[in-house]
């Protein structure tokens, strides 16, 4: 798996203007699958995808303790069904805008674990050259546009990506993840209205995990039925059990179908829960242990796993294989990240402006102190 | 009428802290008036109040053409029933936060026409010392807190004023006027949620005149039923005929009663129309003349006047008297404004900080060029 | 604007009242009829959302011109500009470029009072990753658009409110693309450099006239680009005149004028014969009354006095 | 904080997670239990609304302490700060004062990447009508609160993220109210003035140590108040040492360091023996990787080199 991309391929659409002709891609299949075997296989994929996220992040916790990863790290553990379920409905040409809690989104979208972990190590082979860290994963080639650490800050950008699709008359969808806390920000309101007004192909995927840091839903919102409120903007909106990946997938397909059919933005309230603290810095004093335990019984891995076992689809050896695959993938990512190089500090000023501009006109840093480290610092934890 | 206040009395509540005892003021009377004569008299007052605003602003147009008034001026003509109706429900201890289209609000709230017009002349006797102009009328003594020219910018401040009332456990209400355009701003959303969440004594008076500058309601909002949308925040909200001052008054009393009774914020969508252009600069190219004419048949002066005539309450001589009173009030305001003095330019740096602070510690302008005009520039149009 | 829309179908215009209203200053009149509502796009009052939407559309490869009516309202979208437009390219390791053009008016002088009279170009000029332009003439205002659109990164164009009052013949032939990267010497002189931009250029030119009458020869530099600053042109002038007055409508403390003064100190210290003078706005919210507003803003008189002071006359 | 809440029942605290969570940095732990949810008020993620609500409550005569978690998020409320908090008193002709205290953390250095590492104190210091404080020590951070609350006008207090790591004994007796209006000379010296504030103070002090080893005697000035600036203390130091390095974590162009350099040029030009040096952050969005972040920020080494350069050694 090649993750050491030097430069991501530019968005294929870059050169197309407003009103370019409609892309002739087949509409994705949706609705119930009739083929039992395919369904079985699909559920295995979903479980494996969730398991990879889970094991990846569990390892992140250890690597954080070992100081291999630094900065803010927000874990998705408990919410895996949301990322995995929603992304099922997306095609490669669709775009995703995410939050600072985006390991799950990135992995589910196909950003290689190697590139994600190297990013968290601050290595140049990371998916953002090590400049973004955990909160700013980018992969333009996969149309994964970050990684935004300003709560709500990705929403307007997602609307703009969707506007571009609309102006170009494609059937592509833009999916924006954001939290229940973000719903209170002005940027949510403005974006929801704009998207509905302009009938933009935007999926508003609200991850309602019932807390914004330490603030419970009832202290964030007077009216906590977020889907109902979203529908007041004039768009279809409904709530989904965010711990059931199949329910999430089904809802996402329905929403994405509606969007591709030209019915404008759709809002999904994905009811979920984070099992871990808000971030590595959070002592998690504000939640009842019993509450956490109650939600743990609805662990998305258990929910799907139990169903599959009941259907006779999942056997112990299979699950052990899955665990082994996940562990290997994480281990591969880790050794990749360990061995990857640090970006030369001489590159600090690169990409403040696009390279061709700088070549022509110089950068802003004429009088800047020069970066002080040597070039090509060898690998290993900085 | 003394309008040449040197310093407005500080808000009476200034020294009271959180949890001070509840003010023992009688609850204002509300609901239907049973005394026919009192009702008659009240309708006369309403009509006179609207007429004053109308004639005042008509004169403003002429004075603008004569360059006695400058800057941005936004006329309220056609919307008088809103300001006059809503303020009926307010007591002197209540507070008002307004917009740049606030001549009507200020006059209805009892800010003297002299002080308002002198402000528009840029005179020191103006209600903001001539520093605010048409868009920034202030009268702290009457708890009239401006005059905000950032669309939506007054909303959070109004919530804060209401929070103070709540923390002090009074029954005072804060009324915030804003437009249909402002509803699309993030600050509206955040304020509505905050007010509902904290159960603040806030009246959200949305003046829906169907346009934000040249943009019609349907190009501002996907869902144009603003009251329905407001109710999604978890507060009582309904729409009112904003051309019928009696309907506005009744709705405002109902809302204010609810607020004083501790039921938190209420939202009124006041459906109205501006007969004039957005501002003096606006050529009004975007509206159909026929549309304007249609709305003119619902002129709030006509609506109430016709009712009163039908009830036999209004006779031609009475109306002529009213017109004369209004004309005289405007004339008085005009000569007051003409004769008032300009603020000495030496005072330019006053009130950047409070006077006592400056006395103790100097101001920020140690190295500033000195103001250049002489002191006490005599009256007359600058 | 019309030419840009015709030349490149990726270009579209978006902002409050850019359509039927024709733009708050009539700049886009007639475009709606010609290019239709998809490309001449009226927005609701949602500055953060539509600036952010411009950023998203730019990421996707379009070339949005986003009009924020005035700099005063742009504060509501500043998070989008700083944290997204200016940052995404670097933060993504070079993957996500944002070719957006933001236009807004700036400045005081029309008695619009405290909330409508800001000059915050200096704040924008502080932000790495964006280019900041300030045309001081109608020709520059027109000619800067094409190169701004050609820039693969965000460009913010500030037009001073007074520009719209300047009438000038734009129909004549002219070089189409302004060199948006360098300052212009608007008047040559030997004794003092008046360095300015945007709405203060006319005042500086008037001051140079008055100084000439006093036999002080003033050179007038129009910065045009506020980020990056054209240090070469500035320093060449300073080395020639050895005296400097910077004129900037922003409040004095933390103004762009401070940056220029600091750079001159760094790069031409030994060529300076006197302290760099700054003529800025008084540090007050700009008042409505005309005489008070005038007292608060840089004036030709202030500039003349500062120039005389720095060359050691009447100082 | 506890004392302020006890001393004056008009004081209350409001912000995201100030209650049960105890503040993003644990600063308000325990206060909720002591003063209750009315006075220790958790807010939704609505920066514009709760800062504006603080302004409104202040207008009504209360004394809100509003915590915006970090300066990065304060951009969302900047309109409220500039157009309301800072402006209402002047614009209303002296009628409406706004005794609000805004607290926020600022700065980089903890690998939080581009959107969480801003140092925008310089922007706030540009705004007339507000006072801007930047404690550089835990004692100052504690002692500035009372005088800030006593100020009848808006005060913004910036605490550098690194302050929370400094452990120090705050229980000892101490003068209660910091003189928040003057700069502090943190170390006396003769050869060069290192002028700084907030999170850069420890770096400047370390540089002074290293310079001492090189027999360069550095004076270290901690500005403490960023608006207004204490020109008297600054100029006294400059007149004594004749050499200046300004250290500021903000991006160089348009930094507060530029303002200080400009003022020194204006007020102490003839006492300067060399150009004022600025050590600022590189003009890039701050990167996550530690070595890159370090390369972007002012360092002790940078300061030492700049100081040696300005005194003409190794320069």
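Going by the order they are written in, the chains are A, B, C and D; count residues from 1 in each one.
Note that in this section a contact is a pair of C-beta atoms (placed from the backbone, for glycine too) under 8 Å apart; a residue touches a chain by one contact, two chains touch by 3 or more.
In this text the structure is predicted, and so the values were computed from the model without any measurement.
Counting steps between touching chains, the shortest path from chain A to chain C takes 1. Steps from chain A to chain D, minimised over paths through touching chains, total 1. In this assembly, A is the chain whose CA centroid lies farthest from the centroid of chain C.
Chain B has its Cα centroid 47 Å from the Cα centroid of chain A. Centre-to-centre spacing of chain C and chain D amounts to 29 Å, using the average Cα coordinate of each chain. Between chain B and chain C, the centres computed from C-alpha atoms are 35 Å apart. Distance between chain centres (mean CA atoms), chain B to chain D: 38 Å.
Residue positions 128, 130-132, 136, 148, 150, 153, 184-187, 190, 193, 197, 219-221, 352, 363-364, 367 of chain B are each in touch with at least two other chains. In chain C, the residues that reach two or more other chains under the touch definition are 44, 46, 48-49, 72, 76, 79, 83, 90-91, 113-115, 128-129, 227, 253, 266, 283-285, 287.
If you check the complex, the residues on chain C that touch chain D are 72, 75-76, 78-79, 82-83, 86-87, 90-91, 113-115, 118, 122-123, 125-129, 227, 229, 250-251, 253-259, 261-262, 265-266, 269, 272, 274-278, 283-285, 287.
On chain D, the positions that touch chain A within their shared complex are 16-17, 19-22, 24, 42, 44-49, 72-73, 76, 110-116, 252-253, 279, 282-285, 287-292, 294-296, 299, 301-302.
Residues 8-12, 38-39, 43-44, 46, 48-62, 64, 79-80, 83-84, 88-97, 128-129, 131, 151-153, 181, 227-228, 231, 263, 266-267 of chain C touch chain A in their complex.
Against chain A, the residues of chain B that register as touching in their complex are 184-190, 193, 196-197, 219-223, 228-229, 232-235. By the touch rule above, chain B contacts chain D in their complex via residues 7-8, 11, 13-20, 95, 97, 126-132, 136, 138-140, 145-148, 150, 153, 155-165, 167, 174, 186-187, 190-191, 193-194, 197, 350-357, 361-364, 366-367.
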